[in-house]
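Each of the next two complexes has chain A plus one more chain, namely chain B in the first and chain C in the second.
On to the complex of A and B.
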């Protein structure tokens, strides 16, 4: 079975790299993260040797970049008709769903790894807590996984990659946004606001990510992302099955 | 062997396949004939395990498709309509990927790859990207992926669609050569193909089976079955006389080609009588021959207008089948 998953992951990755998608994505992603960290995040002006600005901007960059990675996962298969080929192979559909997801996740891992010049910069400028940086990178990667799994679900629901992209951006915004509201409402003391704050921070990617990225290693927050990945991947499988009969 | 028992499939409120029952034996090429949208592709998708039927049972290689989908998929090779493939992949890499997914490893994989590349004459394009290939080569790549694991059952959705006559001939030869030890179902709306490759045919219209039999048996439903045709300069008076013979149902005259077709009453054998008549009237005849029947006419009659006589033909066909077939 592992060779089968490996085969799918390899094919997906080679599909990214045999088209301009991968190169365009990697170059612009790395460029944008650096640019925004130095301008919007004001890395130098803060006078602190950490990657705080980078990690606080990353969720919003992910919101636009990751849908570009996940949009083709299934929409393209449906568009080309290869979905029939794929789903009549003697491989459980779950294996294919997971294989495709892992390929996208590995690709994002590479993109994250390529932001290493930022890490080199702060190490040159000062003495950052590298353990904390590593934890934040891991948190980013975990959150990216959850976002890609959500994108995989959206991609499975359409044959149009542009639709998949736009809907995924919107869905990711909905998943991030409650975390912002939570931060705003934190100061409020009314019971209703308290309840809403807790609810928002419980469902939002952002609050879980912030805690992890702050170096607060928390099993619950980690499990939250792993669970989210699992839920979206199961939903992807169900969507594929449902779409076979309900959309020609 | 493939057997479908009373399978039906609905999409939304539209019934695409209705109560379809048929069997395809090992060593047999079964043709699915029918107009576009008749339900051929949907039926094939159900046999390959891509779509579940709403009702009915499908068995492939003695296995129930819904109970053991993976085991069934393992023994089936499938060429989907249009024969896609990953355009950005090279032919060899694509075939290797499919081989791996089908559980081939190491030397078995290598042997399978070499066999299909040789079988489908793909050496020249093995390192090319699929998107750069001509339609004919793309189709051959599609066929190659369908047979890489040497499956017992082959499901081919319009395997020769869009190919030029030479390529069609190649694909048909390939199918015929493979047919001996496999069960093959292919769909087509090219009638010449039916005679060329199919041992038996089922005609589907609006998701229903309207006729089944060997190509020859289906030709018997044509009014041209045992019709006598010839070319001649024939006076109209003689033509009228010919028409008035009791064994003649109708006479068709093609003015440009000077071709006359004499259609018999109720499929009677009239060849001797007609040739005798022509000799009597001193008609100089070229290309006198007896027709087997015209499949395209049978096809149009069975699938063109959905009326009560269609059902009648089905009943007749079934009766013939019970006697002549299994």
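On to the complex of A and C.
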């Protein structure tokens, strides 16, 4: 099974780079992250040798960039009619779902790795806590996986890539936003309101990401992202199954 | 009947869509479970370089002792602090550490956030809990940043003001608050052994008494006096205080050794020359030889630190000012002479020692379990033999001879250590008692006793008919903190100070320093030029004949104009230098921005084009060959 998944990953990655789109995506992503980090985050002006501005903006940049990667996972196959062929291949559909997801995840890992000049910059300017920076990169990669898995589910539910993009952006916003305010509200509320804010904080990508990015590699947060990826990928499989059964 | 009957389905598999909905429910439950599982949340690795989020064993032990809930309230004004990013960053840091503490308390430490808006109930609560508005802020509204803690017995502890500069002691401060809420009514037993009479120790009136320091101790400190020979010290004793102790016999030494080795805390004040009058038969010089093996520290009681530039009997500081005598044995410690990394001395500004001694230089500063708390860095003070000191005193106002001077070293005046008899270091023939567990940093030695004297740190005055003592040095605060700290829980004493979370750009700082230097040099040069020009101008004007002073020839006018122009040019250059002060830093900022924006995108563009062309060529080849 692993060789089959490996084959799918290679095929997908090769497909990414067969058109200029992947290159353009990488260029824009790296340019935008650097620009936002230096302008909105004021990396140089704040005078601190850490990548705080970069990692606090990254979830919101992911919210727009990752749907662009995930939208084509299934919607494109459905649009071009390749999906019937794919799902009739002598490999379990789960293998294809995992293979496609891993390829997208590897592509995003490459995009993340290409932000290395920022890391070099803070090492040149000061003495950053590189353990914390590494933990934050790991957190970003795990969160990107969860976002792509969510995007994969949305992509499997439609044949229109633009619809997949817009719906994924909205879904990711719903999964990020509660984490922004939940932490603040959690300690100042009580009763049902407290339960609700705690639930929002538990479900939000942002609260788990922030804890990891602080430099605490926590089993709970790691498991959350891995579990979220697994649940969304199973949901993608079920969505494909449902679509197939109802010939949609 | 049989014809119409249909097979009954006891179980119908859910449709894919229903499964999908179920999966979303499972997702929410899963997220809740992993976020609230105490087991999963305790499996964590702090990968930060300075272990910023790892609680020390002492703090964990204190948190484990919590049985009934303790409420901690963080008072913070988020709206008002928008202009203070450092404060907000520190608030975040405090919140994260409290979250760690909450996790390890199994939820018994309950954290609440209070936002005291002006004229609100929350603001009243802040004031009633003893919080203080932050001074020196630019807002008209009170800015709160503090923590109050309450227990179920209505005990209240407050950290009225949290300051970012106190970050190294944040964990200690929070743990101490919890520890006090746990043991809010527990008395502290301090056992005292001293040759200084009790009347002197309690005397607040006499300048040579020590009563002001002793009366400033917290009310829960109960002092009991020990006498020789010492019997085995009870575990109930929280601190043994030796002030100018008598020579200890073997039984007493063994009692102290066993006490320290079993988690007892010890404070020893010794002096090579006790200034306060002592009863007949009490030597003015302390003897630490009995304890030297246990503590691993040597103290030469024959040497006194003396300001060798002053005559032995001191002199008056400027008779016109006041008749305050500067004594050659009065040593003022401040700035770099005080350890800023130790909770005992971190915020002390000034300590006065009188005829202090010092500990032996063989004392190992590299040992993590030993640190200097106070040391002398004043080049004027030299160690001299006590006998020579006395001789020079009898010879009137002659300064000490150069022969009496010895090489200067940063002698430790107060040290904090873990006694080596239990820390595994060699200590003569003595062996540590079985089951020995000394408190790390639980022993403090000070090479002076007179620092407790009333007149060494306070000034007596009358205020509206009342006698008031105004402190001009922090000796009292040091003594209070020392007794309070050492008599508290051993877990608390073991909490180390932490690193600051901020990591400034060192390159930028170096660049700024260079620019500053360059700027100052150029500025000085230009100011000098300006002064010279002005001087020449004045000279030229003064050099004119009295009758020509009001009349100017065209030549003179041109000369005056030239001087003025030179002056204007210099002023313009000076302004330009000031304007360009930050240009190097700004240039670095621009360079870094441009590199980050262009380096990878350009490289990607080039690699992308090459890859695309290579693919096209390969595709053409394949088509051609097929």
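Heads up, the rule we're going with is that the second predicted complex is superposed on the first by the 237 of 248 C-alpha atoms of A that agree within 3 Å, B and C clash if a C-alpha of one lies under 4 Å from a C-alpha of the other, contacts with A are read in each partner's own complex, and residues count from 1 in each chain.
Assume contacts are C-beta pairs under 8 Å (C-beta built on N, C-alpha and C of every residue); 3 or more make two chains touch, one makes a residue touch a chain.
Since we're looking at a predicted model, the values are computed, not measured.
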Partner chain(s) touched by A:34 [first = chain B, second = chain C, both, neither]: second
Which superposed partner A:26 touches (first chain B, second chain C, both, neither): second
First (chain B), second (chain C), both or neither touched by A:18: both
Partner chain in contact with A:92 - chain B first, chain C second, else both or neither: first
Which of chain B and chain C A:239 touches, first, second, both or neither: second
First, second, both or neither for A:121, with chain B first and chain C second: second
Touching partner for A:44 - first (chain B), second (chain C), both, neither: second
Larger contact residue set on chain A - chain B or chain C: C
Residues of chain A that lie at the interface with chain B and also at the interface with chain C: 18, 245
Chain A-touching residues of chain B, taken from the complex the two chains share: 11-12, 45, 48-52, 70-71, 73-74, 76, 78, 80-82, 84-89, 93, 97-98, 100-103, 105, 145
List of chain A residues in touch with chain C within their complex: 17-18, 20, 23-24, 26-27, 30-31, 34-35, 37-38, 44-50, 114-118, 121, 124-132, 134-135, 184, 187-188, 198-199, 201-203, 207-208, 214-221, 223-224, 227-228, 231-232, 234-235, 238-239, 241-242, 245
Chain C residues touching chain A - in the complex, by the definition given at the top: 15-17, 19-20, 23-24, 26-28, 30-32, 34-37, 40-41, 43-50, 52-53, 74, 85, 96, 111-115, 502-508, 589, 592-593, 595-597, 599-601, 604-605, 607-608, 611-612, 615
Footprint of chain B on chain A - complex, ascending: 3-4, 7-8, 11, 14-15, 18-19, 80-82, 84-85, 87-92, 244-246, 248
